[in-house]
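So the structure is just underneath, and the comments pick up after that.
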Amino acid sequence: MDTERFMGIVNGLAASYRGGFGVNPSAGGGLPDRASVAALCDLMLHVVFPGFFAHGSDQVIADATDPSLRRLIGDLEDDLHRLLLRAYHFQASCLTAEAGQRPAPMAAGEVLAQFLEALPEVRRLLESDVLAAFENDPAAPCHEEIIVSYPCIEAIAVQRLAHQLYQLQVPFLPRMMTEVAHSRTGIDIHPGAIIGDHFFIDHGTGVVIGETTTIGSHVVLYHGVTLGAFNPTVRNDAGILDRGQDNKRHPDLEDHVTVYPGATILGGDTRIGHHSVIGGNAWVTRSVAPWSTVTMADPELRIRQKQQQPSTSFEI
Amino acid sequence: MDTERFMGIVNGLAASYRGGFGVNPSAGGGLPDRASVAALCDLMLHVVFPGFFAHGSDQVIADATDPSLRRLIGDLEDDLHRLLLRAYHFQASCLTAEAGQRPAPMAAGEVLAQFLEALPEVRRLLESDVLAAFENDPAAPCHEEIIVSYPCIEAIAVQRLAHQLYQLQVPFLPRMMTEVAHSRTGIDIHPGAIIGDHFFIDHGTGVVIGETTTIGSHVVLYHGVTLGAFNPTVRNDAGILDRGQDNKRHPDLEDHVTVYPGATILGGDTRIGHHSVIGGNAWVTRSVAPWSTVTMADPELRIRQKQQQPSTSFEI
Amino acid sequence: MDTERFMGIVNGLAASYRGGFGVNPSAGGGLPDRASVAALCDLMLHVVFPGFFAHGSDQVIADATDPSLRRLIGDLEDDLHRLLLRAYHFQASCLTAEAGQRPAPMAAGEVLAQFLEALPEVRRLLESDVLAAFENDPAAPCHEEIIVSYPCIEAIAVQRLAHQLYQLQVPFLPRMMTEVAHSRTGIDIHPGAIIGDHFFIDHGTGVVIGETTTIGSHVVLYHGVTLGAFNPTVRNDAGILDRGQDNKRHPDLEDHVTVYPGATILGGDTRIGHHSVIGGNAWVTRSVAPWSTVTMADPELRIRQKQQQPSTSFEI
Amino acid sequence: MDTERFMGIVNGLAASYRGGFGVNPSAGGGLPDRASVAALCDLMLHVVFPGFFAHGSDQVIADATDPSLRRLIGDLEDDLHRLLLRAYHFQASCLTAEAGQRPAPMAAGEVLAQFLEALPEVRRLLESDVLAAFENDPAAPCHEEIIVSYPCIEAIAVQRLAHQLYQLQVPFLPRMMTEVAHSRTGIDIHPGAIIGDHFFIDHGTGVVIGETTTIGSHVVLYHGVTLGAFNPTVRNDAGILDRGQDNKRHPDLEDHVTVYPGATILGGDTRIGHHSVIGGNAWVTRSVAPWSTVTMADPELRIRQKQQQPSTSFEI
Amino acid sequence: MDTERFMGIVNGLAASYRGGFGVNPSAGGGLPDRASVAALCDLMLHVVFPGFFAHGSDQVIADATDPSLRRLIGDLEDDLHRLLLRAYHFQASCLTAEAGQRPAPMAAGEVLAQFLEALPEVRRLLESDVLAAFENDPAAPCHEEIIVSYPCIEAIAVQRLAHQLYQLQVPFLPRMMTEVAHSRTGIDIHPGAIIGDHFFIDHGTGVVIGETTTIGSHVVLYHGVTLGAFNPTVRNDAGILDRGQDNKRHPDLEDHVTVYPGATILGGDTRIGHHSVIGGNAWVTRSVAPWSTVTMADPELRIRQKQQQPSTSFEI
Amino acid sequence: MDTERFMGIVNGLAASYRGGFGVNPSAGGGLPDRASVAALCDLMLHVVFPGFFAHGSDQVIADATDPSLRRLIGDLEDDLHRLLLRAYHFQASCLTAEAGQRPAPMAAGEVLAQFLEALPEVRRLLESDVLAAFENDPAAPCHEEIIVSYPCIEAIAVQRLAHQLYQLQVPFLPRMMTEVAHSRTGIDIHPGAIIGDHFFIDHGTGVVIGETTTIGSHVVLYHGVTLGAFNPTVRNDAGILDRGQDNKRHPDLEDHVTVYPGATILGGDTRIGHHSVIGGNAWVTRSVAPWSTVTMADPELRIRQKQQQPSTSFEI
């Protein structure tokens, strides 16, 4: 094209930038970009499963004097620190009217310390998740293959880590982290969800778990399961959409619940009682008692009370 | 293995290459490979959302004399130009019998110019998409978090950009671009689809939108929604599969339609009237009037006419 | 944070590592990490579709004396060799009690040779898959666009390659390879599945195909299709979960079967007869005869016997 | 080492940083680092010798509408702009007492424009340098081999480019650029030196050319030649070292001077007359008339007047 | 700067490109660029000293069936092949008038084969060079430290490899290779030089060895030594500069010659007899007999005949 | 080439590897390769001059609680640790007969700690070197330009750091480090040399400083200066070459000595008295008294006693 046309394009885009959104503020190192957050997730995964997510990190880390360990934690601390500062700075620049509603952010150093101190507990939970996968999937020959190849492990690990930052009211990063895992695994778990131990998701593509969901221990989900909001855009009396954690709109699953592929469970008042089984493609918008089995094909929710001992041969 | 066996393998694979498909022609810089197209998508995303998809690009671009802006557009122009030339060259080499049916490609320079000139309008549409996400998702605390972390923004942005090239009859690149986004987000929108403003897809994994779909303004889709072809392999009187844009085989959604998770809408004559709601897991192969609500559990499509004011408490 | 707190974190994590899982053994080059396996998949894809998955590889490979060909196979041989050694070494370190149950691994050189010798046959199958995609998708303008942009090609190619290693009883790598493809395409095919020629998956997100599935020739699947286990955690008389290939728990699809989006077919005794059509969202747990059509909306599986000629206008 | 010792090291280095030099100011993007300046040199070399210093840049740039050309200049403009801003910012932070003595820097945009506008003239000079190399080195088979393999071309090109910035009073960058070339070629030319056309340096290792040197046209130097200051640390009446361009302390070489390997010419009043030859290892601290030949072996500078036609058989 | 000025710059540079040198022809993959040749040198060094120049290549290569070895040679063959094709193509485009004087290039495949077949002999020579370094440098504690840290090893190895290509009349690449080594080591050896076994250069910076030099066995050079042309620009009767290998203009050093730092030996008829010692900074333009010692401080070349047994206490 | 010839090449090179040197042992992570040592030097330079040698490290490091500082030292500790282990392992494998003569290596942890504890003192010395450069070079406008652009700073810093490891008897790494700096700067300082504060080398190309040299405070060297061994290959009574630190064979320079370009000072008994000046190209093999001036042109070393106050107008 001739040069006048090129310059017209430059001018047009410049005008488009002036009026619109999407221009990253220059100071503060910029907003937390996606690639940096993806690298942070990889580093965190390497810390909680040393050697499984990074080639060449084949040193046994045996005690607290090992240089590799100091380096690993130092790397994580510094990377997270820089992203925290960028996130806080960006939040200050983009939240204007709403800024008053938010509490002042915790000092970055305190967030760092509390996050790092939680890592052993996160590792304990993840160990229980690996055991749950081994118990529930006959295709798994050993624990290690689960860590290296099951997408649910990456998705759950990233959510458990992001959930720590979510609880510390860190802006942007928790959701960006779970979206990294969503992109890689097809499993979309909001960082706000509260998830018990021994959690297993098989295959996982299409799973959606909303912000105010709670999940007990020993819960198993299959691919395509939605734990969602009944009608997300209900507004309050002032015509305003209630946002965030305080608007309880996703269900609760008690311990030992199993949800088969494609099932959908909606609503903040919906509670799935312990030891219940939700059949494939079922659509559940009401609570069910413990030990229930819900099958798909009943518009009125064909619910059958199970025996006090879980049946292994129910019809789905 | 011993060297004779190795040489036998070399000979066998060479023979396999000689007879078969899949050998990239040597001239013209090769076909447009996936990695280059993924990099092109990243660059385009950086141009339409400066600073959100690339670290270190934290300069405010304030006016048309900023070197960063000239560089940005120059980079995009040159990368796209090279890929256009490779795509045209590859098309010429691989379309033999069918070549006559295709119009001669537009000059690359004209394609470049028209594409770049459309960017401000694409940005205007994308701004409306961000607003739609904010209106429809209570989990979104601010506009910026939507841009950095919602997969629908990447999927819709790439489709809107690829659609420009599709309209300019560029071969290969549009579809390759939307597959990059599909791979990253699980959202599969064909570049041929025509999509209005204020479009929102929540979660998104498993969404499929076919080539001849049209979508109005203020449409909301949830994950797992299919806008597909009723029976794609019907052949014409000559026993030939009608291909491409002229074979209208996907549905039309009018303005303000909402489609809940897992619903499937099929067929080129299927039209969803404005302000309708399609319930989760519904299977729709017939048109529905405006203001309708369609629920899943009725084999005969239980359709209920809504009031002229959209209800906020319908049963799904 | 102050330095005492940092050192407390180091000590805490060191203690967590000592007791727990997830520490990569130091010798043997470490376990096969994800990034190396992803690179191996890319290299294999480049070998079976030269030029389509890698930029700059635009040389025509015309005969067995071409240096590019020797290099290509040499690269693949060496990369796979190193990963084989790491996989065998890791298997020896992580399988303790179970080690006795596994046969001794084949010599790495023999695995390499048999794998490389199978490549022409894999290419022959993949060529049939490309033809199947062209026959079944009106949106495909030519064979080459299918290779560069259809996710099913990547998913099927990686599974066919991983299946070769699975048959050679290579640990870890086959499953890691298919998970690379799962992450990129949303299509989850276990490396153990046995798949005939002319296989096509449209869109693909959410497809799950289990370990003991068998699929005939000319089978077409749409996105969201599950070929799964009826109740995977049934235990044998000893209370032990039967694992692996010998526990037949996934269905068989005969030739010319088509399965529409969202359908679920479960169970090791479930056999879908040839020329059958499974409708969208159908839930099938029993065998169906050849030439059957199964629709979604019938809880008792509304099955209709088709004519001996496949109907083109059945109701889905 | 134990953790107390590690923390002592951290504390010790922190204390060392507090008191000392060498801490990069946080604002303004940091000082112009070496790697960025080396990349800038590579880009400039690519602009003045397109295709010779970068692989893959094999497009013929034929006219001003070529996207490659706009991109190339846009890249250079933007990279140089960012480094200019960092250099000015760093200068302001590190020059305190001396700041008053320096003129205010020219606006970055004006520096950019004047630099870019000088590129055709720089290219004209470099073309004459290539011709001079071809004339003077029997080992050179063609012009192109000189560009791709003679270190003097890189050293002279970088100096000619840096000299433009030096004249525009840009801080830091000119000297950093010539040190990049010094590191790669062993040829150390200060950016302040004024050098005529048709300049050739053979081999080049160990050549030193000082800040206030002037060199005419058609000058040839061999490796190990020093054009230096007689006694650089002479102080003025106030006991202060005169710094920079105004302290003329390096020699002048008139047109058609040849200086053989290892010769040293010192002093700001030393002028080598045109068509003179300085023999290998000679040590010259006094001016010599035109058409002179100076040989090494005479402590009193054995100078012999040459004939008006340059001799081809003088003794060195 | 404003956009008009920018476009003026683009136009000016475009005009500069049209008339001048330095535009890389578009076809044939471009000329052999520096970065590719540097990578080729690294690969060759890795082949002749496996493990010493590349991290991670720690496999013992024990026999001819090792995949690492096939890969290594395959990589080298293919990289060299591509560069050969680019070099021949570029030669054809840049040598116009002179093209007739050059012999037709040998087929690339034959060059490749002869080069690779010479590698064991090159390795034998390099082993003798390592031994010579160990014998001559008291600072060397073992053979291995010499390979990993002595610049002469890199410089000599690259020259010996480039010399193979020089003998096969490959254009561009040999000289580009030795300039890579020159840049890294400060040692400038022309690929045409013929060098015997057990060659050692200590320190090396500033060493220059010309195209038609011959060097016997067991020769030792120190840094700053020049083996050059007496007066390189003498023209023949037709006023033409004799170029290349046929114009013998550099000296011959017989076996067991030692040349101390800074010495200069010039001229194609200058022959240094075996077991001679050239003192530091000496300037030699005449032949000397075997067993001679030449000291610097004599304008008439103070030559002293040594005893038939080499003295260890001569004055330098 | 045909495949038989290729396989012959493979066999030939395999045979060459079997008999010869240059095969890197497989265990222990391989020997310390050049690229890793170069990266180690860059990291060390970043630690002693934070921000000057690495882009993007623009954080002010203000106190010991800064995560950046912990990370920086953690990175250095871990990288050095891994290289130490590889160096010790390689030493054990390559030193056989001589192994008994070497003391057992210090524990790696102790070496690490002592090295890191020495960093503040190294920084103190380097600060004095920057000041010396500023005092001696009129071309330097400020301290910061010296750090970013003077090659002597890199060469001296790397030597001072390598000298710490040399004193701790670390094998391989010290010499490899100084060769990295030699390659980049042309300045070759053996890690064994003992160098006082306020050391300045101008230009530097061709400087050689031997293993057993000692240099006082406030010494200035110009390019091309050699501080070497008189006759390095003298053997002891047993006919063995004395190696290493105990064979004192390089000169001593007392405080405030200046050595002009190209001068050569040789011999372990040669001592240059304080406040002496060695003229350009001088050749010195005998000690000179304090306050001496030595000029080049005298074979018998024309030495002139200076006044007790250093003259500023001596003849060189």
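Observations
Order as written gives the chain letters A, B, C, D, E and F; numbering starts at 1 within each chain.
We take it that contacts are C-beta pairs under 8 Å (C-beta built on N, C-alpha and C of every residue); 3 or more make two chains touch, one makes a residue touch a chain.
Keep in mind that what you see is a predicted model, and the values were worked out from it rather than measured.
Ranked by how far their CA centres sit from the centre of subunit B, the chains are topped by F. For the touching copies subunit A and subunit B, the fraction of interface residue numbers used by both falls below half; the interface is of the different-residue type. Note on chain placement: the centre of subunit B and the centre of subunit E lie 56 Å apart, centres being C-alpha means. Centre-to-centre, using mean CA coordinates, subunit A is 59 Å away from subunit E.
Centre to centre, using the average C-alpha position, subunit A and subunit F are separated by 52 Å. Across the assembly, subunit D contributes 1, 3, 6-7, 10-11, 64-65, 70, 73, 77, 109, 112, 186, 205-206, 224, 262, 281 as residues in contact with two or more other chains. Taken together, the subunit B residues at the contact with subunit F in this complex read 3, 7, 10-11. Subunit A makes touch with subunit F in their complex at residues 65, 67-68, 70-71, 73-75, 77-78, 81, 109, 112. Across the complex, subunit B is touched by residues 1, 5-18, 20-27, 29-36, 90, 94-95, 98, 171-172, 175-176, 179, 182-183, 186, 188, 190, 192, 205-206, 208, 210-211, 224, 226, 228-234, 241-244, 247, 249, 262, 264, 266, 281, 283, 285, 299 of subunit A.
Within the complex formed with subunit B, the residues of subunit C that make contact are 47-64, 66, 69-70, 73, 77, 109-110, 112-113, 116-117, 119-120, 123-124, 126-127, 130, 135-145, 147-151, 184-186, 202-203, 205-206, 222-224, 261-262, 280-281, 296-298, 312-313, 316.
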